[in-house]
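Input: structures, listed below.
Shared chain: chain A. Partners: chain B in the first complex, chain C in the second.
After this line comes the complex of A and B, so read on.
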């Protein structure tokens, strides 16, 4: 048995044990890990593969495909800014770049205090309220600079 | 010229119904379910494609194979669209040309422009398709940098992955999953960032990849390509031949440039492997070119002398003179020969002929003695034929598969892939093995039951399974009544139904919970077609023959014999174990398993050979050593077997050899046995000769000469020279003439000839007037012996028992990358995966002894001691340790004992009572043996000219 100092492997076994025995359990397991740890640690991939009797390659392929899943720890909060066509047409690009510059962050980066990660998204289905974003699980529409600053500040405060 | 191969784009479909369609104005009739792409190819219409190849299920991702169909709107992918009655397909229209060019332009857009006109890439499908769709210019900007800057992965010793050339068509990913069943590759990321990675982007070598090469073969762009092709360039011509590793018998195209083999590519038409292979067959053939090959004959007076290189004439004359001298001094029976399961049927037949006709005795035996002789005995007794009952294709029809004492994913990987496919399609698996082999649980495959019995209790386990079948009324009574001997059945039934055979009573010694055994027995008896596959874990025991018969009993009792999907099948370790046994290599049997005491059989050979044959069986291998130590056996001709490393109780073997006066070794290398030899004859590899091998499914396949013998003679030619020098001339101009003699003297081979093998690709014996095209499945309708013979199989515990001094049980096996005693694979980069033998030990046993992972341990039995490094793992149960026997430095067989199968003397390799303790390094024996080896391998410098 490999070392498991952070208890990830043990947690995987518990999560898998709680799943219904279906052939396509991988996504629910990955989502559960993501929810619990904020990411799916690489150290857990082998254990997930073993528990579901998949190859490590299969787990890695699925994990790296979905943007909702991440292999690296993210901030306590995640802000996803839409960069798809409708939002771009409403000035999303400039808005986002300016906000990132104000707060000293780049796409995909996490703030130094670990409060926030900003990621791009390609259509959140909120085109009627462009430019739009997703703050953690909450949709935010008709973004402007002030709203964005409020979101950044809110993240830093909690 | 390369042997032509047609890629139909999608796999063949079998259906009773035929569908007729029109493709580009031509009417085509194909089985229902066939893709449009395949149907078109049947008329020679090649529809452009990148993600499709006929070894993989249609995928429909590249969008290059679009076609138009009359009456349907839009364009459809011809790979994923099945044909329909009356369908009218157009494969070339202006619209399609435009679409395909557009798709191809996108593919090409992130590849360097010059690749499209690089003549070195002419064999590359990407290049060919660009030409086929008429792509001339690319309108997209050239500054896209996605995958082009990614470094090459050169970690695998045999192939390179260059992401810059990759189009992420996923053929490699699908080949790994669908053909090999390992699932080691994936597409990581998405969109422009998507790329092929092994495992978690570990690099191929460190990943789950088993290096079978299916991905390399499937790659259309040379992103995955053999390093030998990069170094030597594309091959120019090819020869179809048969692999010389395990008993699967894969068919290969040996692809050559000039006189150099560039690569081995599994042959799609190969009836045993259907275009697949493993790391050994595809890649590990470099030993044939290794500088350790001895290419000149050598002689010496004493084994302590250095070797002296001589001409073939001198070596043969010396060997013949010595054999004659020994026979004159010690009698006709003082010499003998050992045939090899690595050599061809023709070579094996000649060695036994040499012994019987030229030596004038029956002292001939084969290395099959130490592996599958109990199979021969057990299956002949019960069914009437010393061979497995099925062809490999039969597994596609199996519903319940028992794997016992075999580790197919390591020992017979190509068949294992086949079996895994069937298991994923719904067949159930029962593994009976002390060790948790990969098949017990491996991605997408999980055994329904693993019965981890204690080594040495096979017969008790099989009797318990049979006990459940008969006492729970699960027998196939109709089959038994129609097909089997009623008296023998009644006796067996009464025996096996006895309470002492119940799973509950045997549980204390098998250590397998009775409830598991009961469930497994019910599954096998009632789950549909039940197929048994077994290996040396069944045969290499003091009750090896008993266990084989117990398997046969089980199959007969449940009616699982005589049709596709069932049967009892040995997985043969070596390429030609079946053949070497068929060819009359045993001291008591002439070819076709006919006893030497049968006058009529002897007469056939006596007339043909012009000699009188001794009706008494000769010496078996272990008896040869005993006789040598007694002083009555003094000369031995050994072709292609390393008995010092492969036979049990090494110290007895070496003492026996040391007592002989003329040991003739014919081999590729100065192997361990050559240390005790007086004459060395250089052998020829399978690439250097013509002949046939017979695989585990009785399939006889041609071995074709790819390059000239490096040491001048094929092995059979050397045997002819020796026979001639002994005064018994043999007259063969070609190996096919030897097969003609085999066919003329052996009823089961009567219909075999090289011409027929050329025509049919292969045949499975029996092949005669009754079955001119051979016999894929045996015992259909009637057993070869008439009625199936149940045999009472009383369990007798081995005398090899654990005790206070030796409390653990050692069992042995092999690993994927190495082959047997490693003579070949150790001389290839395969050693990267397995550079030394390790002792697997359970964490509990390790902790008790203060043993840590990777440290040296002393492994001791009453026969001897050796040392190796420990590998702590839960694959083995507490009380059991396991190791491989691939490396001569380990000398595993110093530890194994002289116990052997009661019927055939097959050694009890699989059970040895041992103690394991921490050690500082190699044992005294290993050190002195290594020193001896260095001394015995010296080759004298040629004497200076006077």
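After this line comes the complex of A and C, so read on.
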């Protein structure tokens, strides 16, 4: 594989192993790739297509549709800040904008040290403890500026 | 050993239930006073979370909100015997917010150990399934029809009629799909149930499968709910080991198994046909109807697709009979609705009650007004596609038809409260922005109209040609309403137009451009 110097084909095979070779496994496979490697690189698309009997266009079509999936690497940690209405009602917009400004990031950006990507979320089901966030898989409610800064610092330290 | 319960519910964890549980376990070990620590679901009284409960001989008593720092004090106060403490709440079931409810779907959430089938059985679990086994498929469906249950996902379609259609449809295989995408902001009842009483969903899906003749089911859960996914996964394993699911269902007339599918961050995948596309591995683009999923759904086969709360309400309906359920409610909205009070509200939480309670009673009496203590200015009901209601419309009863008459919807039962600092022009802008972000891209009015909508609201906010742009915004809403294939594009006008209609003054003062 000349166009696969980083060995994505082998990594895809590990993820696809034990899965049935059926098109409806595509989303679970893409999610597993994202979870394991922080993104689904272009180089992996052909291998996934072959493994699941799909065309590359089909794989790419699905990959590009979903907000959780990215072709570019995300940070070691992902902080999802809720931007939806119940959180807005408790001041989430101002809180998020200020935190992003303090840390020099925009929505969707990854910190320069690769520690953290901040993504918008549209409701995390924590609407009676708003404003809220999901730090990797850990829910955080009744957010304030201090808690947010702790999350940024925690990401940088781990 | 005394049973102590601390929720593993994501909402409780978000405010410290995890560290509380660790602190209680550590302190108990240090003091050599053993206890039976159970991680239950939430009662849904979120302003009291983390809510710690102790099962005393006199019943369950609560302490809340408590944090890890309160733990030594709780032990010192003798909380294992229900001792007095500044955070003591007394008997949990007598807390007015809970005592006023009529919990049918959420009867067990927060009460039992969510991953104990023994607890589930001891609290009425599997009674609905037993009744289905004795009634047979056709009579089971008639029982659901008689209950008057309408889909709790938003559209309010009668569940029994949907099941009858699938039962009568011909196909090589049939499927049951549970919609646990719960994308509506301000809602979390699906999540609470998955985390607090997952066997209720499994039992509901099993009853549906037996009624329509399905061999396989899917639960599509949004990726924002990792905790719910983990709990449900363990519940499915336990149900298989018990013979309820999988090949070993010897006590059942047919084998049925459930697969979990996890979303990937797309609101539109909560729309039923988009969800089917997503399960099949494709982009979540909405399919044109007909064919209905009931005729040609998942993999082209007849499919029951229901919201999680609809399915979890099936077991109690079967257990107590459709008539008992239908006896509750208002107008054509029968039974109870788990309403979620969220946002800027003092007593935020899940309130299950028969339909018909007024919006004002929900917000002011039950919810206690705003958390900020300022006056309530607007309430958005039914998620991001729902209308904003001013206090002048607080007499509206919680009922599908009453909300529709006032150009609103009840959706999945979310009630989001805003105080008087809200800027309704910005809320209208957000509704358009959300539609633009989440549009599946299939129809132009939704995909392009929503982007234009954001620009037009920005101009109104900036005070640029307000009269002309307000007219343009109304026209855009009209185009989206009539030219959209699904409710994402079609209902985005609800929040926008309600903001214009009831809060017009917010569109009349020029400000600096939106942040």
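FYI, the second predicted complex is superposed on the first by the 151 of 158 C-alpha atoms of A that agree within 3 Å, B and C clash if a C-alpha of one lies under 4 Å from a C-alpha of the other, contacts with A are read in each partner's own complex, and residues count from 1 in each chain.
What we mean here is this: a contact is a pair of C-beta atoms (placed from the backbone, for glycine too) under 8 Å apart; a residue touches a chain by one contact, two chains touch by 3 or more.
Every value quoted in this text rests on a predicted model; they were computed, and no experiment measured them.
Enquirer: Given the touch rule stated above, what does A:55 touch, chain B (first), chain C (second), both, or neither?
Expert: In the superposition, A:55 touches chain B alone.
Enquirer: Contacts for A:134 in the overlay, against chain B (first) and chain C (second): which applies, first, second, both or neither?
Expert: Only chain C; A:134 stays clear of chain B.
Enquirer: Given the touch rule stated above, what does A:15 touch, chain B (first), chain C (second), both, or neither?
Expert: neither
Enquirer: Applying the touch criterion given at the start, work out whether A:111 contacts chain B, chain C, both or neither, answering first, second, both or neither.
Expert: neither
Enquirer: See if chain A has more residues touched by chain B or by chain C, and give me that chain.
Expert: C
Enquirer: Touching A:99, do we find chain B (first), chain C (second), both, or neither?
Expert: So A:99 meets neither chain B nor chain C here.
Enquirer: Quick check on the superposed pair: does A:125 touch chain B, chain C, both, or neither? Answer first, second, both or neither.
Expert: Second partner only.
Enquirer: Check the residue A:65 against both partner chains and state whether it touches chain B (first), chain C (second), both, or neither.
Expert: A:65 contacts both chain B and chain C.
Enquirer: Identify the overlap between the chain B-contacting and the chain C-contacting residues of chain A.
Expert: In the superposed arrangement, which is not itself an observed complex, chain A uses residues 54, 58, 61, 64-65, 67 for both chain B and chain C.
Enquirer: What residues on chain B touch chain A, complex-wise?
Expert: It comes out as residues 182-190, 197-201, 207-208, 441-446.
Enquirer: Inside the complex, what are the residues of chain C that reach chain A?
Expert: So the residues of chain C touching chain A come out as 10-11, 13-15, 46-47, 49, 182-188, 190-191, 223-227, 261-267, 278-285, 299, 340-345, 348-349, 371, 380, 384, 414, 416-419, 422, 427, 430, 434, 437-438, 515.
Enquirer: Could you list, by residue number, the parts of chain A that touch chain C in their complex?
Expert: Listed in rising order, the residues of chain A that touch chain C are 23-28, 30-31, 34, 52, 54, 58, 61-62, 64-69, 80, 84-90, 93, 97, 121-130, 132, 134, 137-142.
Enquirer: Which residues of chain A touch chain B once you look at their complex with the stated criterion?
Expert: Those in contact with chain B are residues 42, 45, 49, 53-58, 60-61, 64-65, 67.
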